[in-house]
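Just below sit the structures, each encoded as structure tokens.
The following pair of complexes shares a single chain, chain A, combined with chain B in the former and chain C in the latter.
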Partner chain A sequence: MTGVIARREFHALLKSPFTWLIAAILQVFFAWYFLSTLEQYLAIQHQLALQDHAPGVTAFLAFRYLAPICALLLLICPLLTMRCLADEYRHHTFALLQSSPVPVHAIVLGKFIGVMGFVSLLLLLAILMPLSLLALTDVDLPLLGLSLLGLIITGAMCTAAGLFFSSLTKNTMIAAITSSTVLLLLWILGKGTYSDAGIQTAMTSLSTSTHLGTFFQGLLDTRDVLYFFILTTLFLSLTMIRISSFNRNGAPI
Partner chain B sequence: MLAIGACALYINERINTRLDLSANARHSLTGQSIKAVNAVTEPLQVTAVMGPDKLQREAVTRLFDQYQKYKPDIELEFVNLETQPARVRELQAAAGGELILTSGTREQRLQSLSERNVTAALTRLTRADGNQVAFITGHDERSSLTQGNSDLRELAARLDTAGLSTQEISLVTAPHIPDEIDLLVIAAPQRRYFPGEVASILDYLGRGGNLLWLLDESDEHGLQAIATELGISALPGIVLDASSSAYGTDSPTFVIIDQLPQHPLNQGIANPLLMPGSKALAITPLAGQQVLPLLQTSPRSWTETGAIAGAVQFDEGSIERQGPLVVAASIERQKQHKMQRIAVVGDADWLASQWIGNGANLEYAERLFIWLTADDQLLAFETTSPRDAKIEASAKTILVMGGGFLFGMPLLLVLIASALWQRLRKG
Partner chain C sequence: MPELYTPQPGKSVLTAQNLHRFQGEHCVVDDISLELARGQVLGVLGLNGAGKSSTLRLLCGMQAPDHGKVMICGHLMADAPLLAKQHLGYLPENPPLYRDMRVDDYLQFAGKLRGLRRTTLKQAVQQVKDDCDLGDVGRRIIGKLSKGFQQRVGIAQAIIHRPAVIILDEPSSGLDPEQMREIRELIQKLAPQHGIIFSTHLLAEATAVCTDVCVIHHGRLIATQALQQTVKPDTTTLTVKFRQLLKKPQLLRLPGVIDAIAQPGQRWSLQVQSSQQEQLLPLMVQQGWNIMDFGPQVHSLEHLFASLIRDDRPPEPVQPADYAGSTREQSPRSRQRTAISA
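Right after this comes the complex of A and B.
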């Protein structure tokens, strides 16, 4: 059942010209950003080579080009998920899903996987360009793979958060804005300076930005992988709880 | 649900395994570092005297975390440069902050943070005691014992923490320089050496002993025989440098050296060196020895032979020489089946207590002495260079790639979007 909903959601996104337009705009952005970062590298590659533990072109691109894309996901994923549940409420199609014998977790997971499929396609666009350097040099594939994992795992967290906020309201714009705001807050939490050391540590470990660095440096850190796993699971579970509460009360807002 | 999430995050923070998957293991210690940290047998105390900047402190923690993997009893303490002035004074830390590594009775201080420097400091912490450095006395040389502005007491104290013990010897009372001396220092004599003393030094050199010869503004030292033996002599005049005045130095004779030539000794020196009143060296190539420049002045420097007052400039056509000038050189040669190391420096003031705290002087001095006592392990530090470091792309390739990514692909996506739009309108 999850698969059916996922496929429906994925196809709905693929059939909408709006999503392709987003992809086109993103591609322009990715390409421009990629080319300017590559140019920077070409300009300073000889100086870089003199450093201890010198970064290669993959490491340079991963940190300068791929890592900042994560911040973009905070805005894009909520845009892609905003209609997932909010639209169903508005068009009163949610009642159909509700009355069908589809379990709640299948609805939520299905929608999540559907959107994630599309997000992964977008991220493939971004990773394709560093990969094209294979024609020119010996690209550090494990590092590139880890960077892709970092991007996908951030995308998953943002999608799950977007889905949760979409489940709260009928208004798609409110869903998108609240989820982006919450994600942004979560992002900058660790950047502040707090007087209390305990609060500092708590905020740092709660923040998204502090957990991202490792992926783009080619480090696989269980703590960082699990952080995203926990948050994704948390948002998905919250969405499921929210929807089951309708089932009992029968009154979506 | 939120509580469960918070608990999960909390537990997650405690357990942590990290794998370095990058191709050249960029984020892991090199074999050299692991060897160095494993050699430290006693607990290691690291005191980081620095400002409150979070990013800088994180960098320190991250680096020592890596060493901690191999040596768990490393204790890292931060001392705030701004809010703990008493503690900073007590530690006698440098004004800009520094890292103090203490193990047992040994201590090492670092002003710049990098794996290369920390590993070199660890190696210095653990090197075997007993390398003997002898300073010749009797000709008004700079003394390693006297606490004077132009003396070398500070330097001797620093060498002691690195495991080099210093002593003074007189060639008049004991003409034979013993074999146990690992390094002989001639520190800017002001009076002439007797021929017998020069013969002692030549005999020592003939046995393969290492030598550091510090020159000074006065030429009168009677050491011409040694200069001939080494193929290095001082050029007349004092080095002046037009580009050093950009640093706002007090005197025109202060030369700032910030471009170090390629030399195993020079790697990883981040700050410039200050040389007050230096001679330039003339090098005559001799068979059987390798001479390399250690320190070089900028192209805007020259040897001034006239009086240094008012507007001075390079006089073309005179005996003055234009830069870049070599102010320090190293010699390596095979003598008596061992590698002999000699360094000649055109200045002694840079090592004097008054100046040694400037720039990288102290750090460089320590390295120079260690190199001269032939301890190469300290300077060897190699990291793997990445496989994808070099990209050779023609302008055409870049253009095709750039055009394809920047225009081709977006165009294709827009075409798909418009096709779907058409179909939606019709359907």
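Right after this comes the complex of A and C.
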């Protein structure tokens, strides 16, 4: 049943011109950003060559081109998920799911997987750019793979958060704005300076941005993986609780 | 997937017991109990805001009742919602249509949600398109269809898996008379194999398709009634007003008269075999009775409705003469009404 819902969600995304607009803008951004980062690398290449353990082109791109895409996901994923549930309430289609023998977790996971399918495709496009260098030079494939994992894992968290905020309201714009705001808050949490060292540590470890660095340096830290896993699960569970509550309170009409 | 439900004639497919539902302090559904068997078409009547839609939402498990229970085909909605919903098709007040999907894709999706797969799914989609006359619009986008077609797609989604219980919330709202007639025909076509509940505030519609009606007012079920015409299809009920006082045996002696019930004011409600109906008037005249009024008894839901809602009193049978102005809404028989004054 999860698959049925995921497939519909994926197709619904593909049918929306809005999605293609996002994809097109992102693609332009990827290409432009990739080329400018590559140019930067070429410009400072001989300076880098003087250093010990100089970063190769892949390492440079991973850190300067792929890592910032994560921040972009904070805005893009909520835009893709905002319609998932809010639109179903607004157009009364949620009743179809509610009156069908579909468990709540299948609805939530189905929608999550459907959107994640599309997000993964978008991220694959971003990875294709550095991969195109394969024709010219050696590329550190494991590092690229790990970077892709970092991107997807961030995408998963942002999608789950977007889904949750979409389940709260029937207004798509409110869903997008609130989820982006919350994700952004999570992101900048660790960037502040706090007077208390304990709070500083807590904020830093809660923040998304501090857990991302390792992926793009080619390190797989289970703590970071766990952080994203827990947040994704948390948002998905909250969505399930929210949808189960309709039985009691009724869906927003 | 659970096993398919095998119909047992006469056995109820849906039971609701003492349903209550509160919205804050306000009781929107107040102690409603219902029973539905296959072949039954139950019309839920009530004013806007009477609690019809809330009741239907409770029945199909969209919301849990505060008290009471709903059972569909032996499965309790509260304990086994997935099994219960397997046997349920629901069309809410606003049809749950994905406006950007094609009709075929949408029906396939609806079928898959109900657990239909591959060849069964294909057959079910084909069958339901035939039933709802959607053959030509399969490739059309739902949002671009007319309201009538959209409503039919909505019904198609509710019946695609041939559920034992079909719940339709105002299926003919916003349709033109021709589309309403088509929806009615569709409901009648579905009636023998399914138990159908539908809410309406069109009394003519209830008269035309329902085997039973119930009236909901202020969240309470204030009347349940079997519609006579469907109970005994080959009999007709006539209302006759005589000038003189007559006794029941005198009337029962007439050929074709099965039952006679006295009404106030020398009026009699006669149950007559339809085949004998035409000879009745000449026979009565031969007896030397003065007939003031003679006509079919209008099974006036409107009257039932009005009297129930006015003071919650049990309804009285209605005299056609009193309702000459409203007969357009009533059963087609009232059009053949003949009033004779002696």
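Going forward, the second predicted complex is superposed on the first by the 251 of 253 C-alpha atoms of A that agree within 3 Å, B and C clash if a C-alpha of one lies under 4 Å from a C-alpha of the other, contacts with A are read in each partner's own complex, and residues count from 1 in each chain.
Going forward, contacts are C-beta pairs under 8 Å (C-beta built on N, C-alpha and C of every residue); 3 or more make two chains touch, one makes a residue touch a chain.
Here the structure is a predicted model, which means the values were calculated and not measured.
With both structures placed on the common chain, the touch criterion links A:F246 to chain C but leaves chain B unconnected.
In the superposed pair of complexes, A:V182 makes contact with neither chain B nor chain C. Of the two partner chains placed around the shared chain by superposition, chain C is the only one that A:V4 touches, whereas chain B remains out of contact.
By the touch criterion defined above, A:T214 reaches chain B but does not reach chain C. Of the two partner chains placed around the shared chain by superposition, chain B is the only one that A:L136 touches, whereas chain C remains out of contact.
In the superposed pair of complexes, A:I174 makes contact with neither chain B nor chain C. Of the two partner chains placed by superposition, only chain C is touched by A:S100; chain B is not. Of the two partner chains placed by superposition, chain B and chain C are both touched by A:K15. Once the two structures are superposed, chain B and chain C can be ranked by residues of chain A touched, with B on top.
Counting contacts by the rule stated earlier, residues 15-16 of chain A appear in both its interface with chain B and its interface with chain C.
Chain A makes touch with chain B in their complex at residues 15-18, 20-21, 23-25, 27-28, 30-32, 34-35, 38, 41-42, 45, 48-49, 52-59, 125, 129, 132-133, 136-140, 142-143, 145-146, 193, 205-206, 214, 217-223, 226-227, 230-231, 233-234, 237-238, 241.
Against chain C, in their complex, chain A makes its touches with residues 1, 4-5, 8, 11-12, 15-16, 91-103, 246-248, 250-251. Considering their complex, residues 1-2, 4-5, 8-9, 12-13, 15-24, 26-27, 54, 114-116, 268, 381, 383, 385-393, 397-398, 401-402, 405-406, 409-411, 413-414, 416-418, 420-421, 424 of chain B touch chain A. Every residue of chain C that touches chain A in the complex is listed here, in rising order: 57, 60-64, 81-83, 85-86, 88-90, 92, 94-101, 105, 109-110, 112-115, 157.
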